[in-house]
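My structure is below; once you've seen it, I'll send some questions.
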Amino acid sequence: MSLISVDKLAVFVGDTCLLEPISFTLNAGEKLTILGQTGSGKSLLAQAIMGNLPKGLRTEGEIRLFNSPASAKSRRELWGRRLSMLPQEPWNALNPLMSAKAQLAETYHRVRGDAYDAAQQNADYTLELQGLGESRHKRVDQLSGGMAQRVAIACAMAGGAPLLLADEPTKGLDVNRRDQVVEQLISQSQTGALVTITHDVAVARQTGGRLMVIKSGELIEHGDASQILNNPQRAFTRELIAADPQSWPTPERQPRPETSVLMETESLAIGRGEQTLAKDLSFKIHRGEVIGVVGDSGCGKSTLGDTLLGLQPSYGGKIKRHCSETTHRWQKLYQDPTAAVSHAVSLGTLLNDTIKRHRIDKSRVAPLMKRLGLAEALLERRADSVSGGELQRFCMLRALLLDPVFLFADEPTSRLDPITAQSVSQLLVDVARETNCAVMLVSHDPHLIEKRCDRVVRI
Amino acid sequence: MKNKLITALLGGMLLLPAAVTAEPNQQNTVNIQAAFEFSSLDPTRSGFVFTRMQVLETLLNVDSQGGLLPGLASEWSIEDGGKLWRLTLRDQVHFHDASLLTAQQVADELNRGLNKTSALRGLPINSITANGDNQVEIKLSAPYRPLGAALAHYSTAILADAAYNDAGEVTALIGTGPFSVEEIAVPHKLVVERFDDYWGQKAQIEYASYLTGHRAEARVLQARSGQADIVFGLDPASVPMLKRLPTLEIVRSDLPRTLALKLNAGHRFIADQEARQALSLAINRQGIATAILRAPDAATDQLLPAYMSDWYLDGQSEAYNLEKAAGMFSQLGWNKNSEGWLERDGERFELDLITYADRPELTTVATAVQDQWKQLGVKLNVNVTNSSAIPSGHSDDSLEVALIARNYGIIADPLGILLKDFASSDKGGDWGSLNWSNTWVPETLNAMVSENDTARYQEQAQKIAAALYNERPLIPVASYVQQTAINKRLSGFRFDPYERSYFLNELSWK
Amino acid sequence: MKLSYLCTSQISTSRLCGAVLLLLLCVYAFATPLLSAQDAASQNLSQILSLPGGNSWFGTDHFGRDMWVRLADALRLSLSMAALCVLTSAVIGVTLGILAATGPSWVDRTLDGVTTLILALPGLVLVLIFAAIVPGSFWMLYVAISLIQWIEYFRVTRAITQRIARSPEVQSSRLMGFGALYLFRRHYWPAIAPQLVTLASFGAASAILMMASLGFVYVGIQPPLAELGLMIVEHFPYYSDAPWLLAQPLIALALVVLSCHLLGGKKAS
Amino acid sequence: MRLRDLLLKRLLQLLAVSWGVGTLTFILMRALPGDMAYRIAAGRYGMDAVDSDAAALVREELGLDQGAWSTYWSWLGDLLQWNLGNSLVSGQPVSESLWHMLGHSLLLAGAGILLAALIAIPLGLASAHHGGWLNRILLTLSTGMRALPVFVIGLLAVVVFALELNLLPVAGFGTPAHLVLPALTLGLSLAAIANRVVHTEAERVFNAPFYEFAQTKGLSAWQAFLRHGVRNMSVPVVAFFGVQLITVVEGVVMIESLFSWPGIGHGLAHAIFARDIPLIQGAALMMGILFVLLNTLVDLACYWLDPRGGQLA
């Protein structure tokens, strides 16, 4: 029996097509993954199936759910009971003022129809099962992203819906958390059907089942997941796969020439506010070295950078700088480049500010821009009208003009799409090596660190 | 005494069921609105409300011409060349607590007033004593003609002994009037109930309430909506509108109160009496009376009203004449500069006028005078402030011009007030002349206190009126017209020009 | 709290409407004395409460004064007061706000204490007391209203500056060796400026309302000065005889406040 | 723990405010022009009856010749024992008059806020839910209403309800009917702003991912509104009412003056004219304390509604 059957489903705003017609059928026990870049119209598909598209959007084509045509009203009655959607960003999708248990128990009570007491017990049991027994009275702001996602999954599944739509279920999660969540989804979908929408090749790989690749609202490739991922037919699919850090080419490891020590730490303790985040950090940084920093989210990776740069006091131990360079040669790249640049004036003005302040030779700008792949015309625009990748490269440009000896790069590619992320991170490492600048690269992705760094510091 | 109190209480309890059924409500209560707050229970401070509401009474009363009438004292005689006043009390006058009025009590009460701000304070009184059960004697060190008027003043109203606590403070209003206090909330609200044991004309209405309404426009609205039955102090601007309403009757009454400009005659610009006369000529009184006060016949250039005939110059009046005024100023060396202002020796003719907002007419009249003097070339800066700025400015000479509304019938004989205004010190008086160089007027006023010859008294009064008219220590603008709105469900309303009583006991429902 | 109280789609048009309306009112208020020889204070007691038309476009008031000229006078007074108060309080508030957010913590604590103190008393009451000190003084009113209004600018500026001061963009500029002036020019000011338009518009509206309220309780304004609140009170007794007379200052007040509110757009609190 | 810190902070603020407001009013009142004795005499004996004699009597009785410092210190000492002194005009204890006024003011403010809530909440919710023309009409009405000063709203209400329709008393106090117009005026002026706040918050919640999720996980629209909508909306709305308290108090001053309502605002305005310093200080102090207390209540309400503590003002 087909749980869902979609025939030439398309989404329009006015006359503009946002999602090209798409068709598929899914039976019980089947899994479908829809893979595409951010902004490629994937999420619209999930909303079109659920019937909660934003106002002003309309659909064409036909959706059949459980063998009957779906109208707006009939679908509403299916919500939670037969058809459920796992939202993006669970920390936004859970009620910020209610405990995890209350939100789950209410679903058991009001959707599945359990008696009040039974619903409470069931909620306790489920949370215990998910390893959340101790966190059941916590609100979403007290839960980690992974925990919130598990609560959200439990809520979405609590009504016993056989058909589950998961929209970017792993967005913003660490690799370990990501794997856990995907496993949970797979196990939940043993009896029903699962539609997963993601930009992450690794998730597609892990989920298995069938795979559809979408580019700008258009279906590119369709077939068995392992088959497509191992043997992509289309260039776009190949690019997507190649952009996954796991698939990046492994750099040739040449023994690095021994360089002088730039900075060292002795049993350094770092923290924020009243909380000490990490202790006993002892390491040396040599000139021109690329060091990866890994650790779970919230473990103090960014704090380490701020402490090393002197933006934040250390909580114990010592930091020794073995050079007398001025402070502006110790620079930082930010996770979100748009937040790190003033939006008030054009990028050219900002660049000129820097040049004037430090009396930099203007002739150095053009070659460096070329090296970073930045067009001259870009400088006439403001930060809010250029892409994230361009802006991050502009930030690199400004930092490199100051001849840095040390560059702390705090997840510099995590907000960029995978293809851009690959090139930007490569560029960063290459340019740093050329200018003998030490780089500390922070990432939540161990593959990225592995492919880019000489050494790893684990917190 | 104690027994009486108990009987009264018992009697009260027996009457209680009846009292419960007759709560004050819209139907049985006359609602009165006026501008004045009462800040205390003490009659020397706020007695005007309590006598007007007829809770308290004075020994003597005043008729509409200012003549003395019997009050709590049924007879009085003046002996010893004016140095002894003998008052005989009315028999069987009950206080609201059922106790009887005695001579000793009255003497005590008057003596208390001597130390407070009652009208007796500062008079040449030697002693006040009780003579037997029903006579009170007041011995003076010198004859004082207006004493009778002082005994009619609200601040000498008689309270029962039980009204005072041990410290001599008033804690309850126990008087002899036709109404007793039902509820009192200082400073806004007073509700009174008919007192059935009243010695005189008993009231017909059951209850009356007095409520302070600060804003003139709010009072007008109260009258308009029928929420208040009697509204005093109507804004003249709203009178035409109220007159059109079928439910209201608007009563116009003349008061011995005059709107006048108090001048600092010591100020170098207006020290000449010609300058003051010229300023007076430049006031278009007819225009002000018609357009602003809405009462064309209120225009006057004499300080005292025509019905106080001793003090009024019959047929004397001078019309608005801007050219003559301008001519007089140029005689004095004042000439118009390029901006149209009068100038002399490089100095602009500029004066500051202070007035207060409590009486709505004052601000508007000041605004009109400001513009009329501007046409003459006199720059007048109007400053609306608190009424206390006037005596205060008087005492430190900072006052230049003030617009006031002076009541010459506070004590029924205007002599008392004129003494205060023109002869209380070398400077003049708080609400009268300031630095006026005339010495004959104060001397004559002081002499008139002991004048027993009526014809001579009249003659002196006329001379003083003439001096005031010619030398203009104050410039009268208009007489004050009291406009009162009365709901037509009431009849028998009468207005007391001396504002001593609302005559509530004469009112009846239609 | 970041709240948008008005529909986002209407902001630009409504702001434009507000600006045009305010401009028209300003032109009327400031051009009338240049074009007309009439004096707003000159009376004609023989021609009071006359209907609009003929000699006087808006009729005459209870002193026979020309309402067209008088209304322009009143508007000019309100608008000048509003402009002065806005300017003063904005300069003080923004300067102190940035100082508090970026300076040493004792400055912040002191200023915070001062604002708490001033805020504990309703602004109108404070203005009332001030206005009573020197009756009729335009400058005293100006000082009093500014004294209350700078706090709003201070708080908004402080909040924005605090947020920006902690942001990566400022951290980055600091790391690059830029000084305080640069931070103000490139980071703080561009973030504060758009809020300032909103604050100034609402501040102007509340200054005008406050002044009218004082006129209403007879404080602060002396004759023959034309003031909207006072005019409303003065004309109220004639509301059934000459309704247009009461309507004029009422409509003028509502229009000028409305134009400020529209110009302010959404209000952030 | 957090709650205790919060209350402690508010307590400190209360002390600072009591001292600061008292001192401020003291300085301001000393700076007022004109001889104090004359002003007080005018308040005591009536505006036309004030003269130099009366002023001298007042000066003697109240010891106004004392220096500013000694008056200030004795006031401060009395304040510590919660003795606000006696009114210079009526001679009654200030605290007594204040309680009397406070009752009336709180009644008016409470009724006004209640009315505002009854008007603003349904309208705000309806306009957020329905949108379109309803929203536009309400937006226009609110914008228009906010352009009118509160006393004008009061005047218009008087003209319509008291004069033309003759339904309600014009001014005064004592019966429930007297409360209607002042409370309506206050309520309308508050509701003009509040309904937009409710609208915005409702719209925010209706469009929030968690609200959508509550429905997609199976709750009906009504269940989702009651369990996930109401509380999330009320946090900023309650916080907003906290911010608006100052407007309420200012509105109360104007409305009390217009309707002769014997509350604290009316009393304060009156005391300023009569130069009744103890009463002014007492009233200002009471307003300051009240303001801090009400803010604390709002804090507590927000704390209860939103245990995250993120919204605390």
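Letters are used for the chains, namely A, B, C and D, taken in the order the chains are written, and counting of residues starts over at 1 for each.
By our rule, contacts are C-beta pairs under 8 Å (C-beta built on N, C-alpha and C of every residue); 3 or more make two chains touch, one makes a residue touch a chain.
Keep in mind the model is a prediction, meaning the values are calculated, not measured.
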Partner chains that chain B and chain C have in common: D
Farthest chain relative to chain A (centres taken as mean CA coordinates): B
Most centrally placed chain, judged by C-alpha centres: D
Selected pair, greater C-beta contact count between B-D and A-C: B-D
Approximate Å spacing (C-alpha centroids) for the pair chain A, chain B: 87
Chain A and chain D: spacing of chain centres that average the CA atoms, whole Å: 49
Whole-Å gap separating chain B and chain D, where each centre is the average of the chain's CA atoms: 39
Multi-partner residues of chain D (at least 2 other chains): 257, 273
Multi-partner residues of chain C (at least 2 other chains): 135, 236
Complete list of chain pairs which touch one another: A-C, A-D, B-C, B-D, C-D
Contact set on chain D toward chain A in their complex: 208-210, 212-219, 223, 227-228, 231-232, 235, 305-308, 310
Chain C contact footprint on chain A (complex, rising order): 309, 311, 326-328, 330-332, 334, 336, 339-345, 350, 353-354, 357-358, 395, 398, 402
Chain C to chain A touching residues, read off their complex: 167-169, 171-173, 175-178, 182, 186-187, 189-190
Sites on chain B touched by chain D in the complex: 36, 39-40, 45-46, 48, 117, 121-122, 185-189, 211-215, 218, 221-222, 224-227, 356, 358-359, 385-389, 391-392, 394-396, 405-407, 410, 420, 429-431
Chain B-touching residues of chain C, taken from the complex the two chains share: 41-43, 45-46, 48, 62-64, 135-136, 218, 222-224, 233, 236-238, 240-241
